[in-house]
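One chain, chain A, appears in both complexes that follow, with chain B as partner in the first and chain C in the second.
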Partner chain A sequence: MIPTLAVLFVVVMTVALGTAGTRYARTTSNFFVASRAVNPLWNAFAVCGEAMSAASYLGVPALILVFGVDMLWTLIGWTIGFLLLSLFIAAPVRRFGSYTIPEFIEGRLDGPELRPLVAAAVIVSSWFFLLAQLKGAGVVTRELIGVPYWVGVVAVGVLVAANLSAGGMRGITLVQGFQFFFIFLGILVPFMVLGSQWLSGDVPSLITPDPPSFLSSTEVDYPNIVEVEVFESTSVIIRGEVDGQLIDGALELVSGSHVIEAGTEIVWPAGAAVPFEQGLDRLTGTQWAAPLGEKSLGGGHPLYFSYAFLLANMFGIIALPHIVVRFYTNPTGRAARRTNLWVLAMIAPYYAMLPLLGGAGRLFAPEVLGTGNTDSATVVLGQRIADGLSGELVSAVVSAGAAAAFLSTASGLLIAMAGALSHDVLGAGVPQFRLAVWVASGVSIAAGIIVESVDINVLIGWSTAIAASSIGPLLVLSIWWTGFTRRGAIATVLIGGLTTTAAVLTTLAGLVDSGWPLAILATPAAWSVPLAFAIGITVSILDPNKVSDLGHKFALMHLPERVAVAAPES
Partner chain B sequence: MIRRFRRSARNEIEDPTAVLEALNVLNDHLRRGLSERSAMEIARTTCELLKCRVVAVTSGQTFLAQFGDEVDWIPQVEEHAAAVLERMRTTKPTLYTVSFDREQSDVAVAILVSDDVPIGTIHAMPTVGGSLNMNALKECTSLIGSQLKLAEIDQSRAYAAEAELQALRAQLSPHFLHNSLTAIAGLVISDPERARMVITQFSEFLRASFRDQTDLTSLSEELRLVEIYLELAQIRFGDRFDVALNIAPEALPVRLPVLSVQALVENALRHGLEARPGRGSLRIVAEDDGPEVNITVEDDGVGIDPDRLQDALNGSGTTSHVGILATDTRLRSTFGPEYGLMIATAADQGTKVTMRLPKNRPSRS
Partner chain C sequence: MGSEPKRRVILHPKTALARRHDRARAFGGHVRGYTVDTDDVLGLVRSQRRLSVRLLLLVLIPVAMLPLLFRFVPSSRTVRVVGSLPLPWLVLGPVVLFAIVLIAAIHERRASAIEDRWADRRSSQ
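Here is the complex of A and B:
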């Protein structure tokens, strides 16, 4: 009850603050006060609200829970990404005065024909990211109120779209700043509770030579049909259908493979070995805590996987359109860098706390390994780590944080997608923007329902891989290399974007399932990012049509604003 | 509404010279567009050429003028004008029947078309017992229509020239220049320190107004210019109005044509607050709206008569609101036709002018 109320509170506050958002700008008769820009710290809260998504909040603990410490590369990649953003991207893009990436690329390379192309890359990568947020929404509402998965997806998709098309994201800085506090609190509170339990010695060790087992007798709901591997014969109490038999009572589940139907409840006894979903590695505590080794990551090539994963996450962050857009609110390039410095300072501890949740999930909520639903780990853990009223409160804080995470990121992504769609495809104007919002969210809701069985981080992996091998190289080369040309840019986006998308779709269609082919196609960034750079550079060098006005453009991007840049002679 | 009634005997036109003369006189009047005066001339010429009992002219469905016998038929004329303009299927005259003073008569009505746009109607009632030459009415109507089209071209040419002049003259009104300099002259003696400061600000403002009119600036820079403008205006205006600002910080980086908000503020002062008795207030609001920013300048002054404003925006009629018109034109030409100004006003109820600005720069294709 309390967790549901907490989530409703976040939703209501989001809509209310967004609608009344302009009051953030107080009425004054003083021009100096009125035209004071957003403080870099406040803007950093907003960037954090945007950047801390369902991907990190729900996805990363799940990833670490399942695959172990190799998954720390996600967080390291993202942190490096923010550093790259701060050093190389945020300030020049801001100084250039551009609101979106397609606009920036068009202005920098004088290529109107580039705009729809870049907009398409933006829309595709945002779209996978948005699917991940909707997936998070479906998982959280199901865990919380027990409604089917699709209800949450539709509700959040419609809510965010309605809020946006009603002009409800005015003063987005305030809304996302507010959401940041909930997200951060949602991770900080379980971290503190777990930390105090660990300090008082109540927590058993995670690094053991055994695979995970249930600490206490645990009742597990199976929302979807799942095929699990049971490793030792276990006496359980079942209410539902297992292996095609309706059962209501005690049963000895023999070791081996079993099919558990959707809607089944099983009570596992304390000490029993945790059953695993078919296809997941059954890692011992020691294996879990050591990188590489005998893992099925990247089709059995964990080292390749680590590099590919790191590259995708690094370049994916700098290229995600909803993050870059937030720096527009900064008045100068310097303020944009300051903002990003604060972002790093706040997001680093957040990222540092997430692995602990993943590890604790392995102890307190190991059943997610066998429900086919690892993304619910954070929420389930929130319900587990304390009892009674304090348990309810912890769960409320965690659920509210999750809601804030997917709401803020879904809104930001929908703005970025609808902005690109309406401005670069449908034509500018408020009715077109509203139409674009509904089209984008409609398509995403439909797809969001379909991806129920796909892990959030697989979706995020694809999104970042596509962004990292098209928009990433495009931004780096246009900002830092005078020799980059229009044709080079077109080649970068087309080759990088299309090969990655094709690789992702091949994996999605299930055409490869193991070994190097799976590694190369499922985690393409290791080859696609260098390829996109190489193609862009080669084509630009061969291209006789160089971009004009380079001196002016580079001065605009790289000199501080107080150095007046003269307009070019025309 | 002009009604002129003939008292003397019918002035028959028989020979071609008289016909041509009559048309020439009419042309001169038509070159000034369709007005009550030219409608009167249209009615007179048509009536004389076609030998009618009475002829009435409407602009749209509104009665403008009639010539001939005094007949009480204006409501019926307006009603049928509305009906034929609604149907608008043919330029050929059609017939309808009017009844007045226990009499009934056929009336022929033809649509006046200028540049393919129907703009009004001509209603001709034949003499008692007489008949109407429908073909002559049709030719007469199309001749008048083509003359009106020429008039429209003339007018838009004049307006274009005026707009160009406005652009060259930058945004500064001579009115403002004069007032500022007079105010500074006053300050030089009473408060030399302040005078020095004001002159510095004034020159900053001048420099901005000399910038290329297609130049864009950020809202935060524009607000600085508005502040200087208001300070200069207040020296002369005195402390007769309050200013309230409500600026969303997200809106500050948005790009807009230089001095466009200032033009709206100047309009509010000159046409709204100056003429208002007592203390007025001026409000500038900038809202963040996703991919766009809305900027509103609102005053509680005397307001603008909506009809006159409509005329001004349509390019007909003269207006002193050149600032608003020029800003509207600049916004449309910078961001596209859908980014014009929105104006809400009524006499004595203040004026609220809103501009929408895209954060995304328009594509240069």
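Here is the complex of A and C:
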């Protein structure tokens, strides 16, 4: 009851603050960039609200729970990605002074044909990212109030679109800032509870030579049909359908493969070995806690996987349109850089807390390994780490944080998509922006319902890979290299975007399933980012048509604002 | 009354700064009140780029060594350090994450200093 109320509170706050922004939301500048007057610290809260998404809140603890320490490369990659934003992107992009990434690229390279192309890359990558947030919404609402998955997807899609079309960027900046506090609290509270339990020695060791088992008798809901491997014959109580038989009562589940139908409930006894979904590595505690070793990561090449993941996540962050677009709301380039430093200072401790949740999930919520629904780990864990009223409260804080995580990120993504769609395709203006918001949201809701069985971080991986190998090189080369040309940019977006999309579709179609081909296709950014850079540089060098007026354009991107204050206004 | 009082637009200083900035593009050869000298601007770009690349390498080189360390020194995968925490969890977690924040803080100071020195030289000419 209390967790549901907490989620409702976050939703009501979101609507109230979003509509409070309507008062100001009149002009185009207000709608797209909040009149470029957002305070650096508050903007950092908003960026954190966006960056702390369902991918980190739900996805990372789940990944760590399943695969162990190697998944920390995700967090390092993202953090270095934010460092790259400070080093190479934030200030120059803001100083150039456009409304969207496609507009910036067009202005910098004098290529009107680049604008729809870059807009397409922005829309596709944001779309995959948005699907991941909607999936988070579906999972969390199902876990909390037991409604079907699609209810959460539709509710969040409509809510966020309504909020955005009312208040635009100005309204959403306020909303995301508040949501950040809920997200941070949602991780901090369980971290502190678990940390104190761990320090007082109440928690059994995780690093044991055995695979995971149930600590206590556990009732598990299976929301989807799933094929599991049971490793030892176990006496369970079943209500539902297993292996095509309707069962209501006790049963000896023999070791081997079983198909559990959607809607089944099974009570597993304490001490029983946790069944695994088919295809997941059954790691012992020792294997789980040590990097590399015998794992199926990266098609059985965990060393390659470490580097590929680092690279993909690093470049993924700098190219996320919803993050980059937030720097446009800062008054100056220097303020944009300061915002990003604040972001790093808040996001590093947040990331540093997530591994403990993943480890605790393996102890207290190991059943997610066998439900085909690892993304619910954070929320289930929130319900398990304490008893009685304090348990309800912890669960409430965790659920509210999860709701804030996908709501704020979904808002940011919808802004980036609607911005690209309206400003760069339909023509800038508030009515076009509103139309674009509803179109983008509608399409995403429909697709969000379809991706129920796809892991959140698989969706995020595709999104970041596409963005990393198209928009990433484009931004870096535009800002720092005078030799970059229009044709070089077109080649970069096309080759980078298309090769990654092809890799994603091949993996999705299940055409490869092991070894090096899987390693190369499942983490495409490791080769597609360097490839996109190489193509962009080669084509630019060969291109006889250089960009004109370079001094002026580089001055716009790199000159500090102080020159304007020191020199007389002309 | 001879002349009517002149109309003035009053803006919050931050909004004024932002607007002035957006309008910068309208002045032909000027950016933010500065007459563009291409070589001069590219000099600024070069020093910022050098700073950024150096700081990035300072992070990337040690981080890129870690998988190799785990690969070729197997004991590093399981050795326990403070509070019985295995080394990889400590290094791949808090140690690297907070080191990155430190590097970003250094960059924010150095990059601003480069800009200030550049602007000072322009306004003293």
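Following the convention adopted for this analysis, the second predicted complex is superposed on the first by the 541 of 570 C-alpha atoms of A that agree within 3 Å, B and C clash if a C-alpha of one lies under 4 Å from a C-alpha of the other, contacts with A are read in each partner's own complex, and residues count from 1 in each chain.
As a working rule, a contact is a pair of C-beta atoms (placed from the backbone, for glycine too) under 8 Å apart; a residue touches a chain by one contact, two chains touch by 3 or more.
Not measured: the values here are computed from a predicted model.
Engineer: Tell me the contact category for A:A352 with respect to chain B and chain C: first, second, both or neither.
Structural biologist: A:A352: touches chain C, not chain B.
Engineer: Identify the partner contact of A:S200: answer first if only chain B is touched, second if only chain C is, both if each is, neither if none is.
Structural biologist: A:S200 sits against neither chain B nor chain C.
Engineer: For A:E561, select first, second, both or neither according to whether it touches chain B, chain C, the two together, or no partner.
Structural biologist: After superposing on A, A:E561 lies in contact with chain C but is clear of chain B.
Engineer: Output check: A:G97 vs chain B and chain C. Expected answer is one of first, second, both, neither. What do you get?
Structural biologist: After superposing on A, A:G97 lies in contact with both chain B and chain C.
Engineer: Quick one: classify A:W480 as touching chain B (first), chain C (second), both or neither.
Structural biologist: A:W480 contacts chain C only, not chain B.
Engineer: Spot which of chain B and chain C makes contact with more residues of chain A, would you?
Structural biologist: Partner touching more chain A residues in the overlay: C.
Engineer: With the touch criterion stated at the top, can you tell me which chain A residues are shared between the chain B interface and the chain C interface?
Structural biologist: 35-37, 97, 331
Engineer: Under the touch definition given earlier, write down the residues of chain B that touch chain A in their complex.
Structural biologist: Counting only chain B, the residues touching chain A are 219-220, 223-224, 226-227, 242-250, 252-253, 255, 285-292, 335-336, 338-339, 356, 358-365.
Engineer: For a test of understanding, state which residues of chain A touch chain C in their complex under the given definition.
Structural biologist: Touch list, chain A to chain C: 35-37, 69, 72-73, 75-76, 79-80, 82-84, 86-88, 91, 95, 97, 207, 286, 289-293, 303, 306-307, 310, 331-332, 334, 337-338, 340-341, 344-345, 348-349, 351-352, 355, 480, 482, 550-552, 554-556, 558-564, 566-570.
Engineer: Along chain A, where are the residues that touch chain B in the complex?
Structural biologist: Result: residues 21-22, 24-31, 34-38, 97-100, 103, 106-107, 110, 112-113, 115, 164, 167, 169-173, 328-331, 415, 418-419, 422-424, 428-430, 433 of chain A touch chain B.
Engineer: For chain C, which residues count as touching chain A in their complex?
Structural biologist: 12, 14-15, 17-18, 20-22, 24-25, 27, 29-34, 36-39, 41-42, 44-45, 48-49, 52, 55-56, 59-60, 63-64, 66-67, 70-71, 77-78, 86, 88-89, 92-94, 96-98, 100-101, 103-105, 107-108, 111-112, 115-116, 118-119, 122-123
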